[in-house]
Amino acid sequence: MNNIYLPQLVTIEDIYDEAPDVKSYRLVFKDKAVREAFDFKAGQFGLYSAFGLGESTFCIASSPTRKGYIQCTFRRTGRVTGGLDELSIGGTMGFRGPYGNWFPLDEWKGKNIVFIAGGIGLPPVRSVIWNCLDRREDFGNITIVYGAKTVADLVYKNELEHWGGRPDVKLIQTVDPGGETPEWKGKTGFVPTVLEEAAPKAENSIAVTCGPPIMIKFVLATLKKLGWNDEQVYTTLENKMKCGVGKCGRCNVGDVYICKEGPVYTAAGVKKMYNDF
Amino acid sequence: MENILRKKAKELLETGAVKVVIGYGWNRSKTRTTPVFITKPEDADRLVFNPLCVNNLSVYLTRKFKDIQALGKPAIIAKGCDIKNIVVLITEAQLQREDVFIIGMVCEGTVYKQELWKGELLPQIMPTKCHNCGVRNPHVADVIIGEKSTFVPPEKPTGMVFDKIKDIDSKDQSARWGFWINEFSRCVKCYACRQVCSLCYCERCIAEKNMPQWIETSAHPRGNLSWNLTRAMHLVGRCTFCGECERACPVNIPLNLINQKMILVVKDAFNFESGYDEKTHPPMIVFSPDDKDNFIK
Amino acid sequence: MAKTVEKLLKKENLDKLITSVKADGGRWIAPVTDARQVVFKAVTKHEDMASDYILARNSYKEVLFPQTEVIAEYSVSREGSEMHGVELTPAETVVFGARPCEAASLKSLRSVFTWDFIDEFYTKREEKLIIITVACTKADEACFCTTVNISPESTEGSDIYLKETVSGDYLAHGATEKGKAFMAKHGNTFENAPKDAQTKKLVMPEEINGIDLDKISERLKKTGHYEDHVWAELTRKCIGCGACTYVCPTCHCFDITDEGTAIEGERRKNWDSCQFDAFTLHASGHNPRDTQFKRWRNRFMCKMHIYPEKFNSTGCVGCGRCVRVCPVRLDITEVMEALSK
């Protein structure tokens, strides 16, 4: 019997502390055949199980160009993430996926890409960033604007350093006013403000944004001000999910099932939806 | 009675004394009553009052209904039994007496369930609470509508619920257990009992808490038992026997039996009955050196 | 309806039929009276079945989509954790005494459980299901099938469609291949129908004049209706219980939850309701449907827009269960009427 709700077993190969209560796990499928056959696209998500506690939905934060493992990044908030948080290297969890649609990277060939993320919104964007960087010659300028509440809340600190050191990436980091430390060398200010200062050119460009709803709202307004249109801007939506496969009936925004038709939408696509956010 | 009610509601809305009148209106075919929220004086004529007005509207005064609270100060049309719940809400600091205008309705009884109505209020279609009602003349109200009732409740409570409790009490423990397990086995976990209850006003019910998971969400015997017991225990010394939970239950679980049994236990142990006086705190939330404590063995 | 496949199922032969189904390891589900209401339950003999009823309180959907079921089992140990799926081998299940309205809901459930990903917990059961519908000779004021283009004469979803005869037997019409095969297999209980068999008059619920399904559909297609104050006004009395969704034959929402100890336990698929406030509550505390009228609006959208537009099926079959069961008598037809204006 094909049980669409049955997860694959994955082993935690490595754990990285990213920020207070935020961790990344590097996961490897236990089954060799699954491990070798597994493929996904940047932007897709999965359901991660802590046995006895349930499943939680997050994006796959690693790039599809990096084979043999997947990475997820999550914040300890509820029952399932609390249970996942308590696992250690070598521990087993469940994974179902990949589900949902993806960022159409092939359509973006030759374009400049601007990534705009806030806080825990970087993980889904990270998958796209590495995907683009691993196919660097396919794209024009790559700009990353990333901010968090405080310096401590910035995730992927090592990678931020790496991106910042690369000549082919323009990285702008910021923290909210009051969130800086004496050593902080980045900017201080909210992401939309910093974005406006950076003023990325709309021409031949694509923006990918993810973060708290309030940030996205102002990022969209800023981009509009800078001359971007809604078709150029991509985001990834989240809603509570249980099945991930269009059955359980809770992730819909109006008549759009985020798990099936999403989670990736253009700003134009989002604006067409029912106000059910 | 209805005319006076409508006039009063109109006046309250016109003067701005209240922003919404929570009352009863007809459904399309005028065969059932349903809660209505009157915000415009000209709509006050939609209000009705008759033995089909079974709902205890006090549930709409609780914080579960944020959009109703946003309308502004309410007036509520309430029978004596409904007022008991308002009194408990006041006792438990869910609202202040002056936050609500109580239009008390003199009531000669309602039907147990609306579908039983055949045009006449016969004793056999009335719930047990009506047969023993001591508040046909509302005991706490800003205005009382209706001619004073002369009904005197029987000295010793009577009715189906009391008979059934006696019957169950006479059985041995395993038979009682068997009875309840069978009744709870039908539970579908729709939580109508909780949602319809004005004293179940928690915004995050224990049934929804999962850290830890106190109550299993599945509608299997274990989950059903833990839900139904927890619901009952959370109402000890608080439940007023309004009967809404049993009326709302789609699978006919006799919740009135549990509730009335608890009321009898509390009366016996603490000589307390909820819903009469907003200044007396229920026994489960106060400590008194005079408590019998005879359950500690 | 082709006359050629009409057969006579005598009431006195029902026991023979039930026994024969059970002898093959099957189940016979029919309306019975339990706790002062008529419900679908497994029965062993025809005298246990209710005959004088409008509609069972529950929908037979629980036969296909149980209220709670184990979908996997887990174990956790130092050596490593495991999770195994549950194998489902359902027995043949006959649902006898369904009404044409709820029979029509089968396609709707199927459309959800089989779009793209196929939920075999549903499909495996449906493969083994025979729906024997008995056309209605009674209705109450909550019935509104005719308003949503279904009627006691509709055979969609029924495998075998029965009409009661004046003498208390049934005139049987094989409506699907599955139904016809069932009738052929149990040929000794389905006799040739006499030419003069008189059937009882079917009762047609009166169509509700003020409801215009096309208008509702047009209105729901425009995203702007989410801002319409009509939703709050008509549905703020909703107390947010799940009674309507649990009796509804097309409601399909569920939860997936783990139960057990830290060492072993099971993963379950449980009915859930879009009317519960925790249904869409994010871990962050944000709730896209933070007031009850938004949750009610979602249910209405699901029935009147998502099912027809997305799944090409019927969201509401007019059985009226939600109307009967609602503790505050929130009548979906009154909302339909208001939205037809």
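So that you can tell them apart, the chains are marked A, B and C in the order they are listed, and the count of residues begins at 1 in each.
As a convention for this text, contacts are C-beta pairs under 8 Å (C-beta built on N, C-alpha and C of every residue); 3 or more make two chains touch, one makes a residue touch a chain.
Quick caveat: nothing in here was measured; it's all calculated off a predicted structure.
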{"item": "Chain whose Cα centroid lies at the greatest distance from that of chain B", "value": "A"}
{"item": "Comparison of A-B and B-C by number of C-beta pairs in contact, larger one", "value": "B-C"}
{"item": "Chain whose Cα mean lies nearest the overall Cα mean", "value": "C"}
{"item": "Distance between the centres, which are taken as Cα means, of chain C and chain A, whole angstrom", "value": "39"}
{"item": "Inter-centroid spacing, chain B versus chain A (mean Cα positions, whole Å)", "value": "49"}
{"item": "Gap in Å, rounded to a whole number, between the CA centres of chain C and chain B", "value": "32"}
{"item": "Interface hub residues of chain C, defined as touching at least two other chains", "value": "255, 257"}
{"item": "Contacts with two or more other chains, residues of chain A listed in rising order", "value": "78"}
{"item": "Junction residues of chain B - those touching two or more other chains", "value": "213"}
{"item": "Sites on chain C touched by chain B in the complex", "value": "34-37, 57, 67-68, 141, 232-233, 236-237, 239-243, 245-247, 255, 257, 259, 268, 270-271, 273, 276, 278, 290-293, 324-325, 327-331, 333-334, 337"}
{"item": "Interface residues, chain A side, partner chain C - complex", "value": "1-7, 9, 30, 49, 51-56, 77-78, 81, 91-94, 213, 238-240, 242-243, 245-250, 252-255, 260, 272-277"}
{"item": "Contact set on chain B toward chain C in their complex", "value": "27-29, 31-37, 55, 59-60, 64-68, 114-115, 183, 186, 188-192, 194-196, 204, 208, 213, 216-220, 223, 244, 247-248, 250-253"}
{"item": "Partner chain A, residues of chain C touching it in the complex", "value": "71-72, 74-76, 80-88, 112-113, 115-121, 124, 223, 226-227, 252-258, 260-262, 265, 267, 269, 272, 274, 279-284, 286, 288-289, 294, 298, 301-302, 305-306, 309-310"}
{"item": "Footprint of chain B on chain A - complex, ascending", "value": "78-79, 82"}
